[in-house]
Amino acid sequence: MAELSKKYALLIVDLINDFDFPRGDLLAANTTEICPSIVRLKTFCKQQQIPVIYVNDHYSLWKADLNTIIGHAINNRSEPIIQQIKPESDDYFLIKPKHSGFYGTALNTLLRQLDVDSVIITGIAGNICVFFTANDAYMREYTIYVPEDAIASETVKDNHYALEMMRTVLKADTRKVDQFIEEY
Amino acid sequence: MAELSKKYALLIVDLINDFDFPRGDLLAANTTEICPSIVRLKTFCKQQQIPVIYVNDHYSLWKADLNTIIGHAINNRSEPIIQQIKPESDDYFLIKPKHSGFYGTALNTLLRQLDVDSVIITGIAGNICVFFTANDAYMREYTIYVPEDAIASETVKDNHYALEMMRTVLKADTRKVDQFIEEY
Amino acid sequence: MAELSKKYALLIVDLINDFDFPRGDLLAANTTEICPSIVRLKTFCKQQQIPVIYVNDHYSLWKADLNTIIGHAINNRSEPIIQQIKPESDDYFLIKPKHSGFYGTALNTLLRQLDVDSVIITGIAGNICVFFTANDAYMREYTIYVPEDAIASETVKDNHYALEMMRTVLKADTRKVDQFIEEY
Amino acid sequence: MAELSKKYALLIVDLINDFDFPRGDLLAANTTEICPSIVRLKTFCKQQQIPVIYVNDHYSLWKADLNTIIGHAINNRSEPIIQQIKPESDDYFLIKPKHSGFYGTALNTLLRQLDVDSVIITGIAGNICVFFTANDAYMREYTIYVPEDAIASETVKDNHYALEMMRTVLKADTRKVDQFIEEY
C-alpha cells in the first residue's frame, strides 16, 4: 500500500536488440525467458497509468526514428522478442548513445515532467545498461525497483552480481514482477 | 583555406516546426526567407562530407520517431518549409527536450565521435534555440559559425541582438552562406 | 506577497574576480557601482533564510580552495570589491570551470537539495557568466530574477542587451533590489 | 611500453574521509592497508608529470574549501590516513556532490584540458564511489586502470565484485601498482 505514494515510471532498456555480438545468443535466450514478465508488468503499468518509457540503443544510426531502429534490429534471433515487446503508439521512446539511459538523453527531463520519483528498470543487459541506468537513477535520487525476473544478462553469474550490487549499494527493491503487482 | 583544418558539422535546429504559437506567423515568414540559404549550405556540406545533424523539438511527444514528429508539425503554414528542408535518409536526427541542442541529447557524444571541432549552427529561433545551442557549443569548446542568413527570429531586432552577442561573446563567425562556400 | 510561495536562492557569480583582462578596468568600475546593491540583497537574503551561493571562476587553479582563489584574485583593483562581498563561513561556495554556473558544478544538485525553485542571479559579467547561468537555470525550469542593479558588464550596451534578452526569452524578473526587498 | 602512448591522470577518490558511518571502522582498516600503494603511485605519477586529481565528498558543506573539508574529516580514525595522502599545493582538488567523480563536477572539463585519455582510479569505496566514477569514465571513453591494491571497500567480497565488474564490463586494467610502475 505504501506503493501508492510512489510515482513510478517503467523503463524498458535495450529490448529492441539485434543480439548481433559475441555471446548474443546467450543473451537472447535469457531475454526470451524474462519477456513474459516484462509484458505482464507493462500491461499492469498501463492499467495503472504508470508511464512506459523505452530507452534504447540506436545501433550507430544516431537517428531518432523508431521504425528505422526496429528495421535495423530485427532478424531471426530478435524477432520473437521484438514482436512481444515493441513500443505502442502511446509509449515514450528515447534513444541513448551510451550505456546509461540518462547519459545524453532526455530521460531525466521527461521523468521530472512526469513528476516521477521511482523508476522500475527492466531489460538488458542486467549487468551493463540496466545497471548503469540504475546507478545514474540513484545519483539523481530516484527510488529504484529492478524486478529480478525482468532483467537478463549473458550469464547467470553476471546477472547475480548486478542484482547483488543494486540491492546493497543502490538499495534497490528487486521483488519479482508478480509480487509487485500483487502488493501494489 | 584555413577552413580546411577545421572539422565541421552542420546543425539544423528546429526547422521541423509547426509555427503554432503566438507570432508563429512572423517566424514562419522569416524562416521562409532563410530556407534557400540553408538548403544551399546543406547541399554544399553533403558534397564536402560535412555531417548534417538535425536537432529538433519533439512537440511533447517524447518520442524518437521522425515520421510522427513530421506528421505532428506539418500544416499549411509549415509545409512549404518542411518540404524544402526535411531530413534525408543519410542525415542524423536527434530530438531535444529543451532549448539547447546539447541539453538532454546525444549531440555532444555524436560530435566527438565524428571528431568535429567546429559547428555550423542554422535554424530557428535565432535568439532562442540557436543561441542557447551556440552558448553550449562554446562552453564545450567548439568553434562556432552561425551564418547570418541561415538563422531567423520573430523580429529583426531579436535576430540582430542574438547575432551581436554571438559575435562578441562567443567569437562566432557570422559570414553569409555564399561567402563561406566561396572561401572554403 | 506571491513571493512567499517561491523558494529562492541567491547566486553571486564571479565577484571574486581579479579583473585582470582587457577592459577589466571598465568591468571593475561597473562592478563597484553594483556592489552596494548586492551587499544589501545578501543581507536581506540571510535575514530571510534564503541560501546564498557563490559560484566562481577558479583562475585555472582547478582547486576547490576558497583561500587560494581569493589569494589569487586579490590585487589593487579587486580588493575594494572583494572586501565588501567575500563569502562568509555560512555561505555556500562552488567553483565553475566555464561560463555557466551549472556547467560542471554541483549547483543543480545543491538547489534541488535546498528545494529551491527560483534563483536570484547577481554578479558579473552580466552578458557572459550571469547570462549563461540564467539560460541554464531556465532550461532546468527555475524561475529567474536578475535585479538590474545587481549585474554589471563591460559596457552599458552589453548589460542592456543581456537584460533585454533575459526579460523577453527567459521571462526574467529584473526589478531593482530595493523594490524586491520592499515587495517581498 | 605501449603505456607511453597513453595520457594518464591519477584520480584519488574520497580519501579525505571521516569514516564516520556504519562499518566505517571496516573501511578505515581496509583503507589503511592500501594507503602505501596509493602513496607510492602518487609519487611515481608526480615524477612522470602525470597530473594528480583529488575528487572528494564535501561532507554536506557544499563548500569548495580544502581546509574546511580536511578540518571536518579529521578525527582519530582518519588522521593516520589523511596525514599520508592529503593534497599537496600542486595537486588538483575537486569536490563532488554524489558518488561519481564526474557527476556535478568539473572533472571531465579538467581531463579534456589536460588532454588525458586514460584515468587511473584509486581510493574508496571500491564498490561505490570508485566504481561509479569508473562507469562514468567508461561512458566518456576514457581507458580505465584501477590498481587492485589501490582501492578498498568495506568487505573483501564487495571489493572483489566491483573489480570483477570493472574488468569484464569496463575492460579495466587492474594490475597492482608495482607492476604498473615497473612496466610503464
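Just so it is clear, A, B, C and D label the chains in written order, and each chain counts residues from 1 on its own.
Here, a residue touches a chain if its C-beta (ideal position, glycine included) is under 8 Å from a C-beta of that chain, and two chains touch if they have at least 3 such contacts.
By chain, with names taken from UniProt: A, B, C, D = Isochorismatase.
In this text the structure is predicted, and so the values were computed from the model without any measurement.
**Q** Since chain B and chain C are copies that touch, just let me know if over half of their interface numbering is common to both, same, or not, different.
**A** same
**Q** Between chain B and chain D, what distance separates the C-alpha centroids? Give it in angstrom.
**A** 41
**Q** Could you put a whole-Å number on the gap between the CA centroids of chain A and chain B?
**A** 33
**Q** Among all residues of chain A, which ones touch two or more of the remaining chains?
**A** Only 98, 103 qualify.
**Q** Which chains touch, pair by pair?
**A** Contact pairs between chains: A-B, A-D, B-C, C-D.
**Q** Could you list, by residue number, the parts of chain C that touch chain B in their complex?
**A** Checking each residue of chain C against chain B gives 98-100, 103, 127-128, 131-132, 135, 138-139, 158, 161-162, 164-165, 168-169.
**Q** How about chain C: which of its residues touch chain D in the complex?
**A** 53, 58, 62-69, 92-98, 103-110
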